[in-house]
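Per-chain residue numbering starts at 1, and chain names A, B, C, D, E and F are given in the order in which the chains are listed.
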Amino acid sequence: MLDVSELVQPGKGLIHPSIYTDPEIYQAELEQVFARSWLFLAHDSQLPKPGSFVQAYMAEDPVLVVRQRDGSVKAFLNQCRHRGMRICRSDEGVARAFTCTYHGWAYNLAGELVNVPMQERAYHNEIDKSQWGPRRVPRVHNHKGFYFGTWDEEAPSFEEYLGDMVWRLDAMADRYDEGISLIPGATKWVIDCNWKFAAEQFASDMYHVPSSHTSALVALVEDPQVLARLHELNLTVPGRQFSGNGHGSGFALRPDIIPSQSGPEFDAWLDAHREEIYRRGGEQRALAANGHNTVFPNFSWLDINNTMRVWHPRGPGQIEVWAWTFVPRGAPDEVRNEIRTSTIRSFSPAGVFETDDGENWTEIQQVLRGHMARKSLFNAQMGLGHEKQGTDGMPGRVADDMYTEMAARGMYQRWADLMSGLSWQQIAELDRNRQQEVHTA
Amino acid sequence: MTTPTPDTPTPDTRRPVDPTVRHEIEQFLYREAELLDDQRFQDWLELFSDDVHYWLPTRVTRTVRERSLEVAGPDGAAFFDDDKTFLRGRVRRLSSGQSWSEEPPSRTRRLITNVRPVELADGTFEVRANFHVLRSRAERHHDTFFGERTDLLRRIPREPGFQVARRKIVLDTTTLLAPSISIFL
Amino acid sequence: MTTPTPDTPTPDTRRPVDPTVRHEIEQFLYREAELLDDQRFQDWLELFSDDVHYWLPTRVTRTVRERSLEVAGPDGAAFFDDDKTFLRGRVRRLSSGQSWSEEPPSRTRRLITNVRPVELADGTFEVRANFHVLRSRAERHHDTFFGERTDLLRRIPREPGFQVARRKIVLDTTTLLAPSISIFL
Amino acid sequence: MTTPTPDTPTPDTRRPVDPTVRHEIEQFLYREAELLDDQRFQDWLELFSDDVHYWLPTRVTRTVRERSLEVAGPDGAAFFDDDKTFLRGRVRRLSSGQSWSEEPPSRTRRLITNVRPVELADGTFEVRANFHVLRSRAERHHDTFFGERTDLLRRIPREPGFQVARRKIVLDTTTLLAPSISIFL
Amino acid sequence: MLDVSELVQPGKGLIHPSIYTDPEIYQAELEQVFARSWLFLAHDSQLPKPGSFVQAYMAEDPVLVVRQRDGSVKAFLNQCRHRGMRICRSDEGVARAFTCTYHGWAYNLAGELVNVPMQERAYHNEIDKSQWGPRRVPRVHNHKGFYFGTWDEEAPSFEEYLGDMVWRLDAMADRYDEGISLIPGATKWVIDCNWKFAAEQFASDMYHVPSSHTSALVALVEDPQVLARLHELNLTVPGRQFSGNGHGSGFALRPDIIPSQSGPEFDAWLDAHREEIYRRGGEQRALAANGHNTVFPNFSWLDINNTMRVWHPRGPGQIEVWAWTFVPRGAPDEVRNEIRTSTIRSFSPAGVFETDDGENWTEIQQVLRGHMARKSLFNAQMGLGHEKQGTDGMPGRVADDMYTEMAARGMYQRWADLMSGLSWQQIAELDRNRQQEVHTA
Amino acid sequence: MLDVSELVQPGKGLIHPSIYTDPEIYQAELEQVFARSWLFLAHDSQLPKPGSFVQAYMAEDPVLVVRQRDGSVKAFLNQCRHRGMRICRSDEGVARAFTCTYHGWAYNLAGELVNVPMQERAYHNEIDKSQWGPRRVPRVHNHKGFYFGTWDEEAPSFEEYLGDMVWRLDAMADRYDEGISLIPGATKWVIDCNWKFAAEQFASDMYHVPSSHTSALVALVEDPQVLARLHELNLTVPGRQFSGNGHGSGFALRPDIIPSQSGPEFDAWLDAHREEIYRRGGEQRALAANGHNTVFPNFSWLDINNTMRVWHPRGPGQIEVWAWTFVPRGAPDEVRNEIRTSTIRSFSPAGVFETDDGENWTEIQQVLRGHMARKSLFNAQMGLGHEKQGTDGMPGRVADDMYTEMAARGMYQRWADLMSGLSWQQIAELDRNRQQEVHTA
């Protein structure tokens, strides 16, 4: 087990940059972090009918996520156990079965090996097909239409894993009576940076907005005065940040759920559904649904920008971003379309916000080629010592401002606990003790 | 249909163009590319009609049988889905001196090839062209974008003689092998 | 001779073409590329004469002095050495839904540039052109093929006006930096 | 001005060319590229006037505000800054059989696109064109050079009808991602 | 020495995929497998006259193979001993001597250092030129026109190394009175996969043909009925598989040596030479000359498709394929040409068979980026426990079917023995014992 | 500490090629060689006014070199200490301050953290800005307009580090009363080879010129007779080589400082300034200013070709060359321009000399992919045992010929001493003893 205690010191708000570059640490992350955590697989709306499938990734492992005939969803490694061929090479589609192109072993929708060519002649009927199906994802959980999976039999239940973060997740996932659906098609792109830069920013970093995204507002707003006001607002609006179980979220305290940032159509629709939204999650939560969120380790979303994504690691220095736009399932076309276009224009590889995030992360990674650069500790001390418990009665560890790095420290704490090979029980234990050190607001 | 192009009028209403018109259309497209490579975004903007639709849908890998579903439809995910107003906003941003992904600016080169114009019944032109856009930025960062553009061009009575009324861009990649598309295609 | 092109008639029998013929030939080559990029293989096949020779010889690194031996001869190793019958077979295969290297299909883009047609004494045209074919397949696989094509084109009395009677492709690589050429060049 | 091009006459003295002239100029540039790709350096040399200036300045990354300083000036660092005499020397070297970086020779392919000629007041032509030069050498070495060329062409009374009197090449890279430019661009 | 006993378990038909991805294992392969085995260098017909040379590779090491004035063939590392410059940068040609471009040290055709510029002024005549020639390939063996070389002084003789596989090699190499010759020019391409996937398939895998190559038959055959018959034949035709010393081969039992798959010209020629062919190798062997073959570690050929190739390793995840087409030396041009084109069209980077093999191998390698994927054992159990000795009186270990993975297990056994650092003597010992466990058919 | 004693044996003139390929050795070089040595940063003429800055590299570490208001020059790591963003992404320019784009931390010209957005709200005024500026280059030394820096507080003074090499450096740097200036703009390119091939050649290798650069002379000279004479001259002209502290230089003994190789304009100018040049450095030194030079580890120049460059390492198998052309500061435009063009044409990526050097280095590196190739010792024995002290009264270890590899051996000795983790004191000690073994000429 790698000793990472020197590398991240959440208590002091210090990060050693080698955690973003060391190939050994990366391989350990695949084993200790990604193979043990709950990872996002797919959303209900991606699998409309029996046989519907999408290829997803759990870190670097390709998995097929398939709608079963009984309506349930199963997932298995997209790797044939004979010689390891990728069983299905389409990103998505509808299938009756999956046949490996190399030698023709065939699998049913559940990933069971159902046919082996020349089973009698070649295998003398001695192959036990039940033993040679692709590796199943042993645990798949459906949280309100969001499917998460984990390889780890020991991992806590998804609810326990999520903890108080459920308050934030449901603010998005459970906002409407009819639920949400995804705009068809994932947007995928590659950024040469470590996955933790992205995951951490979406967990903990409202602070970069005024500096990184000034020009995005210029694109959205023509009138200089409005622009100035918006900028001013960014610096003065009160906000909160949540941290727990490695997850993190930050958001402003807004007076109303509109304007939505998507446009008049959605605003009108929200106005009409205000009562429904308040009823489901409570008004406080509804108003808080305007921030950044990361479910540890690599599933993130922005409530008000209607974008959710997975940061798939691709080596220590690269990620693949898979992003989707979510809309109220019940919404009429003009609303769906208004949300769709506004998200594309703000958060996508060509989005006026997103392009500038990528620039920061790639440059950070580039600089870390340097020997001295890799020895310079990073400062994650914002709000250190000012953590709070349950501010405004919100569940869990909630700081009384959104401009803090509490959630970043929480994320690296969870990362360090897992990397140290601690059992889930030990981690829970430690977290309980850590909670107690924090006073209630 | 099995090709990643927008629905188009029936063949008989599509007429080939003569060398002169082809020459004018190519020079127009070259000029457009030049304005972008020279970062003259304001001038570039004027080449587009006020009702322009500037669209770059996403793409997935599917079997030959399902190939018609390869390119996302109008209600699907896209990299660009802009009207003139938002194009203006993008240009404002690029001129702000704070659009970090383009400040310092990228160096780009647009190779526009295989220009295939046809004249439609209403006197507009549908122009399919292949593109390979090379982008270099910062010290050694390099990206490349390639695919096909289908433009709808309208004649205008003033320089440079045409306007882009519709642009559909289809990349030949599914996962974009670049950190961003902070440029125009 | 020191250039990787087939033996050709003596200069005096080679006449430059006028802008109109050049226009027609370019549009023909662009159309051919379009059919391939759109995976319309049956239509593509019809652009070739029944006696066509479709050839892509191998190439080695040799000294300037031995440069004439750089490209393999007709009796040497090749990547393609097809007649019309086998081209038909390839197209059948690509339409079978089981040609795994193209199922799911690759996404290709053909940049055809520097088109240099000359008219030969017999009224046929020898056309040298440069190509850069970009290929993307599966999730992130990327290949690139570049070099020169020398086509022999014949006029035909029907659309699209020409037929390819001979194609010699010369890649500018020796070791092919791709797992396969499961496409046409 | 903010674009990497040489200072040029005021617009009113710059006239667009007709399809025929454009055709002649393109064929001239294609022929030039062909001679280089075929390694016929002596013939290539004859396409340049005796007073030619062949120039490839260096380039740096600067802010949009300082973009006019991006490309080095006449007194700055350059990759090429040759007169006809030295071009002759380079050609002599390449024919010596001892120019190790080109012996064995590289395999090159020049894609010349977006050719934009204008006629100047004095009857010469200023031609901007985009290029993508692909180079393969030895077993698997691969380089790519891309950018813009601005040529000054003069009519001559004999074949091939033009002469290059000035060439300014601007690469779209700052740090050259190649071990050498042992070829011409 | 790496312990690979856990990684490959030939006795159980299990393979741990890390042997295809681990960089350390790869470096060990260069040392333990490739630097100790006999590797194919060149064929007689590539070196027509004194001074003729080709650059070949022994794994990742470039060697110059040169025809000497006395007609013999010598090989030496294409690396100058002064500062390591590649001595000759042409793929092939005819030379009188080789001069290093860097400082001008010159070598004769045998790779002896014969001239050092300014030897007196710069070296005070103190350099012992006999000590500073490039590293010679100490052992080069000419087997019927096929030159093999090894760096290992301890390795057994080529014949001993080949063992019973000579029966298969000569079925190709020694088929005609006039011998064979290669079509001028090698076809070289790059596949992003581990070298063992290719070597193993050509040693042991007839099983993939029906599934991987269906579309190839579609290209070759227009008539659907004929197509169906051919497909049926594939599944029913009897066959055999050989395994020994890590080598492997599989073939069908065909009624005749024609049709040849090349076409009528070659069929006619074979018909006319039937007696000669039977006389040289015996009828049984002649009829068996229709299969796949690998001489351990990376030299393979297909008898009936007239293609032979070396799978040069280029890191754990890449190979360079160098392929040649072989034809009867005596054959007239129309026969040579018919064979040449039929091989190009079926087995080459654009060949209708070959392209689909590459697709399988690259996808397998891609999937192995995954952490769980790298932990999933592959199944090489086809025919396990059904190995036979000398079926039909054929020499060595010959299974009574071509649809088995006996040869794959044999190949990984040899690989494991070498990787474990066993001496050649120990390996021979072990193999003898293993033989005895197998009953004779 | 890696044991490199087996890898380089300067005393025997033997080099083990793994020092050019091993990734571990490379990382150790960044720490033991580059982070401890004096590295070239910039020249005065690159920083004309207060706020002028250039981005430079110390090995792989980006540093900003900035002209201060008081005229001094300071340098600091171009990495923000908050999350590691590159502070400035321009290659050069004029700045009043530097603001990080990610979250807006701002630094003054000295690299001090002067502004943190929302310092009160986000940091509760608890951040100690004096502690969180980017890492400073602790020691920057101005040697006659050449700025060198080192990260190592223990390193000897620059003068001591330079030792007798100052005699060679000043032959270039201190040649004219008005000093020298650089032609605006660096020329940068990438070569896939280890940095030591380049550094060693410029330290020690006059021997490659006749072989590697024959064709360069063909480009420069049309008349075959002149050509033949020049070639003859190369082989016969007497020369000297210097070695000390890992630095190296070689040069011919020329009768006069003209012709300059740049052309008539410069010749005339030199002729007019002969007295000045002789007065400053002495006639012997002026005449010797015609050779190749490397200040350990990676700063090199050619006196007579007016090019100087840094070989930035970029992994074991790649370098970035940053080259500049130097001219007499006082020279008129036509002289500056004549030098500028002649340097561009001879030493630049398109220079008729330089292109052939790159070809050699890349091929050497390519061949070293081979396993046997990486085991073949290189021969650096030229002039071994013929080292001399102070030939012609020149300072330090000076061999009585330029065709020797004494300086190469000296460079690898210093490299080995540093890689072995010896203290600067221990190294000095050892060098003194080594000196004594060499007899005075």
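Keep this in mind: a contact is a pair of C-beta atoms (placed from the backbone, for glycine too) under 8 Å apart; a residue touches a chain by one contact, two chains touch by 3 or more.
Since the structure is predicted, the reported quantities are computational estimates derived from the model, not experimental observations.
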item: Steps in the shortest chain-to-chain touch route ending at subunit E and beginning at subunit B; value: 2
item: Selected interface, A-C versus A-B, where C-beta contact pairs are more numerous; value: A-B
item: Averaged-CA centre spacing for the pair subunit D and subunit C, given as whole angstrom; value: 27
item: Whole-Å gap separating subunit C and subunit E, where each centre is the average of the chain's CA atoms; value: 32
item: Centre-to-centre distance between subunit E and subunit D (centres being mean Cα positions), rounded to whole Å; value: 47
item: Multi-partner residues of subunit B (at least 2 other chains); value: 19, 61-63, 100, 102, 104, 111, 113, 132, 138-140, 174-175, 177
item: Contacts with 2+ other chains: residues of subunit F; value: 89-91, 101, 190, 212, 356, 359-360, 363, 366
item: Chains that touch, pairwise; value: A-B, A-C, A-E, A-F, B-C, B-D, B-F, C-D, C-E, D-E, D-F, E-F
item: Residue ranges of subunit F touching subunit E (in the complex, touch as defined); value: 17, 197, 205, 207-208, 210-212, 235, 356, 359-360, 363-364, 366-373, 376-379, 381-386, 401, 403-404
item: Subunit C-touching residues of subunit E, taken from the complex the two chains share; value: 89-93, 183-192, 212, 214-216, 218-220, 222, 320, 324-325, 333, 336-337, 340-341, 344-345, 348-350, 352, 354-356, 358-363, 366
item: Interfacial residue positions of subunit D with respect to subunit B in the complex; value: 2-5, 16, 18-19, 22, 59, 61-65, 67, 111, 113-116, 128, 130, 132, 146-148, 172-175, 177
item: Subunit E to subunit F touching residues, read off their complex; value: 27, 30-31, 34-35, 58-62, 77-79, 81-86, 89, 99-104, 117-118, 121-124, 126-127, 132, 134-135, 151, 314
item: Complex interface listing, subunit C residues touching subunit B; value: 19-20, 23, 27, 30-31, 33-34, 37-40, 95, 97, 102-105, 107-113, 132, 134-140, 142
